[in-house]
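I've put the structures underneath this note.
Two complexes, one shared chain (subunit A), two partners (subunit B, subunit C).
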Partner chain A sequence: MPVSGKRTQSALVETTPKRLLSHQLTFKNALRLPIIIWQALFFIAPLIFMVAMSFFIVRNYRMTEAFEMKNWLKMMGRDYFWDSYGLTIGLATLATLVVMTVAFPAAYTLAFKVSENTRRWAVFLLIIPFFTSYLVRIFSWYVILAESGVINAMLGYIGLGPYIMLNTKFGTIVGYMTLTLPLVIILQTLSLANIDRSLVEAAHNLGCRPWRTVFRIVLPLARTGLIIAAVFCFILSFGDFVSPYYLGGSKPPTLPILIVDTVKSGQQWPRAAVVAVVMMVTLFIVAFGGIAAAYRRRVR
Partner chain B sequence: MKPDRLLKWFLYGYLGLVFVFIFSPILFSIIFSFNSDRFPTIPLGGFTLKWYETIWQDPDVWEAARTSLLVSFSVATIATFLGFTTAYTDYRYRFKLKPLYLALILLPPTIPLIIMALAMLAWFAKIGLSGQVFSIIIAHTVLTAPFAMAIIRLRLSQMDESLEAAAWNLGANQWRALRRVIIPFCRPAIVSSFCLTAAVSFDEFAIAWFISGLNKTIPVVILEIVTGNIDPQVNAIGSFVFLTSMTLVIIAQVVLMTKNKTEKENHD
Partner chain C sequence: MTDSLVEFDSVVKKFGDFTAVERMNFTIDEGEFVAIMGPSGCGKTTTLRMLAGLEQPSEGEVRMQGRVMNAVPAHERDTPLVWQSLALFPFLNARENVEFGLQMRGVDAATRRKRALDWLDRLEIGEFAERDISSLSGGQKQRVALARSLVTEPKILLLDEPLSALDANLVIRMQSMLTRLQRELGITFVYVTHSQSEAFAMADRVVIMSRGRIAQIGTPKDIYRAPDNRFVAEFVGRNNIISGKIKSSSGKSVLINGSLGDFKVSLGGRAKPSPGDEGSFVIAADLVHLSSKKPRAGNQIECSLISEEFIGSVVTLFLEARDGSEFKVQIQERELADMDLKHTGKVFVSWDPERAHYIGAD
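This part shows the complex of A and B:
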């Protein structure tokens, strides 16, 4: 479709005098440049500066620009850093597995078992949580999951519990799910709804059992969208400091909590930058691995 | 046929449970905001408005609300402007490095907020912008411009390309065509992008917490109360924030839907 617009434009270019041409260039750049300048100044520059900052040194509580490996050696040499790293990756992986599994039947239902109108409404409902304060929702979970909270009170009526849910991995995962489940269901629903129905029906007509159809037909066809959903889930969980802090008890801290603590407790920004750079590199590897897997041709 | 129907009802039930999980923290937070117990549980305590009275009388909350409104209004304006220019550029032009250009605007949401927060904090300190309302506005704009771009780009892709070309042929220059043809066509998307970016900015806490200094926004106040203690005030503030954001989201949705509907009807 863009081709026709392009053609009209180039036809215009060929027949217009130089003065007009330069007007067109001004127009084009007036629209194209603002975002380039803005993002270069306030998105790219901060990130590059952060990488540079990881080599700065702190002397007498003041950050001095330098190029030294000190922060890197210090952080890499500490066991607690690697403990945090392992924990953060472990929790984010667990969250991704749990969320993808919990979301799938819901997305499957929305994609195949309800009318298009219902699906649209469901997706609209799933967008709502994005616009409610994540902090308030986590605080709400804190009260619900507490030892004398809503869930334990209900379990108490049937003679169970109380169970300790706060300050555990369970608490953290509930928090991660609060953050990622709506998005993952939306992405899964969209990718499932886009697959060619006739292939699923063909499998069904040829006598393929429902479970087998899901694993052999539906999952492979929706692979790209599903992997992208998983990657988003991992990125969001990996970078979240609220759930592991308020629901998980932050012992040991995850990497995002490490950044918060380091920054809020003093001038050790360069060390926080080291943690941030390690996180970025990890996420790039995960994202590229995921994208490569998502768009890989099927090899037989 | 029977097992099929059973499966269907099982799946409906499951879907219902998932929705309960997603919405229970929101619902409970609203319920708790009217509940007299300091530590709410079941059975619920008596009905009260005292948490709302507390925040109503708290000058810090008012100050934060003012800052938040100023920030989200400014963010929405700048982000929607940048989103529009980018969406139009993507719609209209092809050039070398365009994938890079698009990556430049679309990437920020994929980077964890805590990392953006640290990077912004350090950069603003470096260029002498730290601790100002202005710096929160800049940071939130970077974060929300991609959403504005996506919404407006989607609208542009529904436009008949010959409309703009017709305007040129009738003698309008590009600016005039942009103002008289493109912008009116995009108006619902512009309104909804304005509301949605405002809502996202109104809720963002990580970056705001790192760089706000003394100019706290509402979510930063919530974060500080939550860190201190169990305080049902949070539920009251949260309900207020929820109401504000939802109003914005619903306006956005309604504007988009009614516009699409009337166009469809005109078409028929």
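This part shows the complex of A and C:
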């Protein structure tokens, strides 16, 4: 009978997707599992261990499990720790400001003034620096910045210098820029290129001069991407060991250098853990604050 | 020509090898509602953008009130444009969007707030002044965009397909609002659209463009009833175009011999075809008389009914003539119901020679 035939059909139609759905769900969960396990094993667990370790104590150059505030009180009570903390934040902030400012005109040009093809090539070229080791790129600055290096040789021709650039804060900033500038230009370019052109034209149309348009329209529209770029720049600079060590001369030490020094002097892993926890907390605050600002709905 | 607000003088616009606008000449008067209409890629938006200063002409001059505007940058013109996407600033609320143009002109905060609120009230969205753009409906956004453009009291308003994203009901309401606004303000509206119903419903004059050239300029009625050429006849309305050779010409009318027989066509004025020439004429689908019996004399074609398209009170019938060509007839739905055509299959279309419109060879 046609009627009952129809019924069985609709019953089939009803049951099959449900079964499929549950299969799909298990499949989806199975796919999620590796990343969850990975994160738990190699991120969450070490993090917890590091926090725990900051309460351990070292006896006879051997770390012993304990729960004492000694390391925290010791580190927090030392001026050199706070000097180092201030220096690291200061340098990372300065690097972020400089990099964001230097990158913006480049990103603006790539986003608005060149063809899409040129932009693609530029982004590709900006990725190339990441092909070589960061350490190698930092060492190459020796040739350029040294007292008898390229820059001083050129300045010498016009009777200037020599200037000391290695082992200074300037050197550290140059190193930070080497690390972050290409990435920041890429991030800025992408966020600027996504801006709806008609909004920029609408601003012109309503009497907004080109320069003013950059501040009134382009920056607010690209806010999310720009803040994320700045956060990345700060995080990378703040945690960098190589630049302040090799180009900045490691004195005074930034927090990453302080970690290495602390570990080297008497196997003080717990105190190094204190520094690391402070760094983590600082970066968490910066990242959360940055992302909150980036996605806040309106700016007044 | 003191009255003309805008003049396009042999304007050419090229993008690389592509010519978007080709030798355009026309003027727009003060207080006129002009619609520029054409298929996509015909250069209508480029024309509008040249008026706004967002594109510079490659050749020729665009003048406003006699002043050559070619080199005047967009931000120094007072030619607000309403974008198809509306281009409202998402990080400002409705009132702040409206205030933007005033702020750029250095109007103080209190005055611009008052003027913005006045305009929002006038467009009946005063209560949404402090709302985020993203929380407004399509029609409300439309009104914010209009207020933002009109708040600076410009002499001209440019509109680039502003209604294309709205649903049909809202389009009709916005159309009547726009025409009312334009009459009240007495300023010039230049309205770009691909929609015939929008252009004809609102504009005093319609400019039809095709491949960067002006195909015809005229009142909606002129363009509808007296298309200048085949492009306009095909683009506008429901027209039947019949071509053939001129058999004889009396000055006032011609006899055109086509594959479906001889047809008498009265001549409007300009065209003076002579016997032997190729010629075409247009007979609008709604000017055709339909009958199931063969008319005694006059222009007529025997057809068979292929399909019908019902759009409310009017029905379009698609007929096929002996030679396979399509013929369209528009009649009232109730007329059709009285006629009872279907079972006969054969129908006769006929028309008054006065109603046919001669358009020359192309």
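Just a few scattered comments:
Keep this in mind: the second predicted complex is superposed on the first by the 266 of 300 C-alpha atoms of A that agree within 3 Å, B and C clash if a C-alpha of one lies under 4 Å from a C-alpha of the other, contacts with A are read in each partner's own complex, and residues count from 1 in each chain.
Basically, a residue touches a chain if its C-beta (ideal position, glycine included) is under 8 Å from a C-beta of that chain, and two chains touch if they have at least 3 such contacts.
Not measured: the values here are computed from a predicted model.
Subunit B and subunit C, once both complexes are superposed via subunit A, fit side by side. Residue contacts after overlaying the shared chain place A:Pro210 against subunit B and subunit C alike.
In the overlay built on the shared chain, the residue A:Tyr246 is in contact with subunit B alone; subunit C does not reach it. When the shared chain is aligned, subunit B comes close enough to touch A:Thr178, but subunit C does not.
By the touch criterion defined above, A:Leu221 lies against subunit C but remains apart from subunit B after alignment on the C-alpha atoms of chain A.
Contact with neither subunit B nor subunit C is seen for A:Met69 once the two complexes are overlaid on the shared chain. Counting residues of subunit A touched by each partner, subunit B versus subunit C, the larger count belongs to B. Once chain A of one complex is fitted onto chain A of the other, the partner contacts of A:Ile285 are absent, as it touches neither subunit B nor subunit C. Shared-chain residue A:Ile36: touches subunit B; no touch with subunit C.
When both complexes are overlaid on chain A, the residue A:Ile164 reaches neither subunit B nor subunit C.
Shared-chain residue A:Ala293: touches no atom of subunit B or subunit C.
Figure note: vertex subunit A, arms to subunit B and subunit C, all at CA centres after fitting on chain A; angle 90 degrees, rounded to a multiple of 10. After superposing the two complexes on chain A, the closest approach between C-alpha atoms of subunit B and subunit C comes to 7 Å.
When the two complexes are superposed on chain A, the residues of subunit A that touch both subunit B and subunit C are 210. Within the complex formed with subunit C, the residues of subunit A that make contact are 196, 198-199, 201-210, 212, 217, 220-221, 223, 297-299.
Against subunit A, in their complex, subunit C makes its touches with residues 52-54, 73-76, 78-81, 83, 85, 87-91, 93, 100-101, 104-105, 132, 148-149, 152.
On the subunit B side of its complex with subunit A, the touching residues are 7-8, 11-12, 14-15, 18-19, 21-26, 28-29, 32, 39-43, 81-82, 85-86, 88-89, 91-94, 101, 104-105, 107-108, 110-116, 118-124, 126, 138-139, 141-142, 145, 161-162, 164-165, 168, 173-175, 196, 199-200, 203, 205-206, 210, 219, 222-223, 226, 230, 234-235, 237-238, 241-242, 245-246, 248-249, 253.
On subunit A, the positions that touch subunit B within their shared complex are 1-2, 4-6, 8-9, 12, 23-24, 27-28, 30-32, 34-36, 38-40, 42-47, 49-50, 53, 102-103, 105-106, 108-110, 113, 122, 124-144, 146, 148-150, 153-154, 177-178, 181-182, 185, 210, 232, 235-236, 238-241, 246, 256, 259-260, 263, 269, 272-273, 276, 279-280, 283, 287.
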